[in-house]
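Two complexes, one shared chain (subunit A), two partners (subunit B, subunit C).
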Partner chain A sequence: MKNNKLKRNAMPYLYIAPTVILMAGLLITPIVQVIRYSFYDNAFVKKNPLPVGWLNYQKVLTDPVFWQSVRETIFFVIVSIVGHIVMALIFAHLLNTTMFKQRTKTVARIIYILPWIFTATVISVMWKLFFQPAGVMNYLLGFVGLATKNTEWFSNKDIALYVVTYINLWSGYPFYMISVLAGLQGISPDLYESAAIDGATSFKSFRFITLPQLKPILLSLVMLDFVWTLKTFAIVWTLTAGGPMHATEIISLYIYRTAFMENHFSLASAAAVFLLIVCGIVAVFYTRQQFKIQED
Partner chain B sequence: MKKSVKRMLALLLVLALAFSMTACGKKEEEKKDEEITLTFQQWFADECPEGLFQEICDGFTKETGVKIELYNAPNAETKTTLLSGAANGTIADIVGTDGKWVSDLVDGGALTPLDDLFTANKVDTSLFSDMWKYKGKTYAMPMVTFCYPLAVNKTILADCGIAPEDIKTRTDFLNACEKITAKGYLAYGWNASTSNPAGLDHIFLNSFWASGGKLRDDEGMFHFEGNEEFKKTLDFFKELVSKGYIAPGYMTMIEPDVTAKFGSGDLAFCNPSISMLSIWATDSPDLNFTVIPMPVEDGYTEKSYIDYACWGVGISENCKHKDEAMKFIEYMFSAEANAKLAQGKGCFPGSTVSNPDYSQQSENFQKAFEIWKAGIARAEWNAAIEASTLRTGVLENVLKYVNGEVDMDTALAGCQKVCDDVYKK
Partner chain C sequence: MATVELKHISKVFSNAEKKANKNIPAEATHAVSDFNLKIADKEFVVLVGPSGCGKSTTLRMIAGLEEITDGELYIDDVQVNDMEPKDRDIAMVFQNYALYPHMTVFDNIAFPLKLRKTPKEEIKKRVEEVAQILDITEYLKRKPKKLSGGQRQRVAIGRAIVREPKVLLMDEPLSNLDAKLRNQMRAEIIALRDKINTTFVYVTHDQTEAMTLGDRIVIMKDGFIQQVASPQDAFDHPANIFVAGFIGAPAMNFFPAKLERVGDEYYVQVEKLRVKLADEKCAKLAAKNVASQDITLGVRPSHIRVDQGGDELQGTIEVSEMMGTEVHLHVKHNDNVVVIIVPVAGSYEKYSKYLKHDQKVGFSFDGEACHVFDAEGKNLEA
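Coming up: the complex of A and B.
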């Protein structure tokens, strides 16, 4: 009798045990390790690293390249999020409109989603060829006298970050577009009909119906985009590797360079802990937002 | 005790002794027959023609019975693999290393000092063309080397009325670049991306060393401030940049970007690794090019120092069969094995007794070998502390100066500070 009760009580824990073990092994252990490394003198590459307290954090916080990297990351993330959401709203509306035939919309949907299908390497190679000094961009701009075959895009540290951010915008918007499109299709047409009867303009319908209805989706997308863009690595690395002169070295690249190019794993761990804290805060907001949606 | 019992006990004792001695003997025999396998972590096998490196290692097994198990990883991953392996005790017995990694690997407990092993195994150290020392001890040696001569597109030069052999000094080079750019061609490729500071070594410092430049003193300390040849090289590159002689995009270019441009016939000059010479010969058959020595400072008449990259080898601290590992290294520097590797891969020998036959190699490769033999090898980052940090820091300061962002004194002080900060730690 007692045994049966024990078994019944233990059953839920047994069900979740594989997930818990996997999470502990693959997620929590590495996080704890990174935090631990950040308090040691070059852990991972020394056999017997010594604890150094907050020294690595102090070094990271006094490194001008770290702060340059933070500023570039803030620009990269904010512009990417705003751009993704704006592009998603525009393209999703185009795909949701009744002005085009279904076949046209299907073709447009395939074209719009293409950037999301390509891998980071393909995107990088394509845009590198496009923006290289002897590339298509300079050729086209050359017709209006805005560029020559020597105009540099990725190598010019004044504009490299803008170019990289633009490419990130281009490569990421389809996911947000599809999500917004799903949200738009879930809004009852009755709301728009009632608004039209009341004499609402298209802009007012958008402002007072579409946006409030999309708000939960948009909030979730903003938070997801924040975390994903903050972690962006492959595209920027393959386009510029953080150069020229750290001009596109967003925080993920700063961490990678410090760890794997310079073998300062403890310093990189300290920088990674900052990233972890920021992502953690956003994750908390995201989870609360999801609970709120479920409650509503 | 009865006499018979005593006898019995004595007999038992003798038997026990005899048995234990037999057992010991058997153990000794077993130990002798125990098969030794040495693991070798490197990136060489993947970069050699298929099967070549394993075949050379198998030659050692045939001679000694000691097996060599190759652990292959790309060059970019090998250093981290070695460092993490040293920290957690899983490092291979023999390790392939770049000269620039030596200090990091020693500080990470990855490499063992070799001097005592040389003595114990009676290794003739004159076999080694170079020995990388850190804090007074030898840790690794370059097995084969790759130099970076100046590759010249003969078609472009002919169109501009320039003969490659006439480019001997920096002034000759600047004049050639002027004619080339005036005709609308791209002159010189420089991969100056700070993500991989190879462009500092193989292009900027290659030019600096060619004119007799020296960064380190006898104690191994770096000197930039007051280094006249370094100043001249900075000015030379500033002129190349300001006059548009360096192909655009150089700030984010990596080595393959430059060699691809040269391979497609878009560039007049670049500094490729000699391994590119055979690649161009097959991949770009229409490319009409030759190799010449790096142009030197006007008036410099001494022998040129030549920059090189290499495949080095050392023994890990964890290795349980260090004597056998040392024998393997000695074998890799033997005339036959070293020449076979240099010939097969298309690079230069790291052994002083090796005499590879390059008759099957291209004419350009043979010219590069002549250039190599006429000069003196120099790569001053080998065994430097935190070489990667130093190279990146120095390149950043060089770029600031050549792009006109800082003056000469600030650039030199910047380079000096990068090195002093690391060496004073």
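Coming up: the complex of A and C.
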């Protein structure tokens, strides 16, 4: 009897054990390792690295390129989040109106999702072609007489970050749009009818019905986007590799360069620990938010 | 002052989407056809009819939630066909309440005032007044989710009456409540009416609600008005078989019968039972010069007597429902089931021999109780 009960209680843990073990092996171990490296000198490179205390942190925090990277990352992340949410709201509303027929909307939905189904590399190549000096962008701008035909979108350090951020906006919005669309479709049409009778204009309906109803979804999306954008790597790397002159070197690229191009694994680990802490804090908020949604 | 006038209003749903998606011919739904009604200031009008007869559509056209296909709609003699709902100064209570889930009860009720830029003090005062009337003061800080069905209903009503609209529209506001609460809320709506003094248009599929609430009731079927009358009038003088069967519970019984004219007197004959119509009915029929013909005879359950005379109709009791002060007998007569209400208050023994299952009974009725309908179902008296 007792044995049986024990078995039953242990059962669920047995089911999740493979995942937990894999996670521990593949995620926790490297994280612990990275934290350990960040307190050693020349980890990985030397056979017997020496513990150096907070020295690596000191070096990273006094590196002007690191701070430049942090500033660029903040810009990149905040503009991406705001942009994604705004685009998601606008496109989701377009896909959700009653102005178009169902079939039109289905086709539009597929087109709108396209950026999502390509890998970062493919997207990079397309945008590179678009923005190359002899590319479509310059042709169009020249056409309306707005810019010289040879604007170097990626090698001008004053605009490269804007261009990369812009491309990140377009490559990432579909997920947010689909999530918002699902949210919109979950709002009872009665509420809008009721609001219309209560005296609301469409803007007021959006402000007082749509936004509050979407709030839990939007909060989740903001936090997910924060973590995802913070660790963006492939698209920026394939577009600019962080250049010119670190102008697009967001934190993930900074870590990559320090570790794998300059072989300063200890310094890279210290920088990575910063990223880990920031992501960890957001993850905690995200989890709390999820619990709150479940409670409501 | 708020009158509402519907002139030849109709609504057609084109179902264009259906056509685009499937290879079936687009079938337009005529939800409402040629609806004419003039609602007086502070009148309580009830639209009643079976599900799908176009009540909600009519109400939603008054509210401005549904475009009017044809006809003219006036509120206070101003044509409002193309006016936005928010400019019509109407309020509506929805069947499922449509409360704003993210707002507290206070904010829900305050919302229409807030949108009209009413000063904060004034909002607070009016919301509290309304909460007082509806007895929901203690829930003002709660979210709708934490309320019972009846409480939500009150909040929905509160939100509708707080800004004192010209017209208050209600679409089956009680149908999501359990029977006991429904009766209670019905009484409260009657009481509310005296307090807030506005024009009501109320939709229900429940004839009891319609009878008890309405000054006038509009009985609808398949998008057409069948009759507009006071509850008593609709009950006593139904315009046609449909109204006769719909109004009153249990429903009126119908028999195939013959109407026979002898001078200015009229008789109905069902099988061997021959009944002379009441003088008043004879006079009406004679005035319209109605001839002898085959008719459908309608008699209400409460007007049928269980009886052992000579020529009464014969049937077999199938079901006998004891209701306390009366018994409802379901009597099999030919291929029909005839419902008879037998009052038994204090004298159950007297009737007990009739009230048994499988018992043969005879029954008859008087000339006052007869409603005569022609082959098309129209009331011949009307």
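The rule we apply is simple: the second predicted complex is superposed on the first by the 279 of 296 C-alpha atoms of A that agree within 3 Å, B and C clash if a C-alpha of one lies under 4 Å from a C-alpha of the other, contacts with A are read in each partner's own complex, and residues count from 1 in each chain.
Just so we're on the same page, a contact is a pair of C-beta atoms (placed from the backbone, for glycine too) under 8 Å apart; a residue touches a chain by one contact, two chains touch by 3 or more.
Given the structure is predicted, the values throughout are model-derived calculations rather than measurements.
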item: Superposed partners subunit B and subunit C on subunit A - clash or fit; value: fit
item: First (subunit B), second (subunit C), both or neither touched by A:204; value: second
item: Partner chain(s) touched by A:101 [first = subunit B, second = subunit C, both, neither]; value: second
item: Touched partner set for A:194, first subunit B, second subunit C, both or neither; value: second
item: A:133 touches, of subunit B and subunit C: first, second, both or neither?; value: first
item: Dominant contact partner of subunit A by residue count, subunit C or subunit B; value: B
item: First (subunit B), second (subunit C), both or neither touched by A:213; value: second
item: Per-pair minimum CA distance [subunit C against subunit B, superposed on A] in Å; value: 50
item: Footprint overlap on subunit A, where subunit B in one structure and subunit C in the other make contact; value: none
item: Interfacial residue positions of subunit A with respect to subunit C in the complex; value: 101-103, 188, 190-191, 193-201, 204, 208-209, 212-213, 215, 296
item: In the complex with subunit A, residue positions of subunit C that touch it; value: 16-17, 20-21, 63-65, 84-86, 90-92, 94, 96, 98, 100-103, 111-112, 115-116, 145, 159
item: Residue ranges of subunit B touching subunit A (in the complex, touch as defined); value: 79-80, 83-84, 86-87, 104, 107-109, 193-196, 244, 247-254, 266, 386, 388-389, 392, 396, 399-400
item: For the subunit A and subunit B complex, residues of the former touching the latter; value: 44-47, 132-134, 149-152, 154-157, 160, 240-246, 257, 260-264
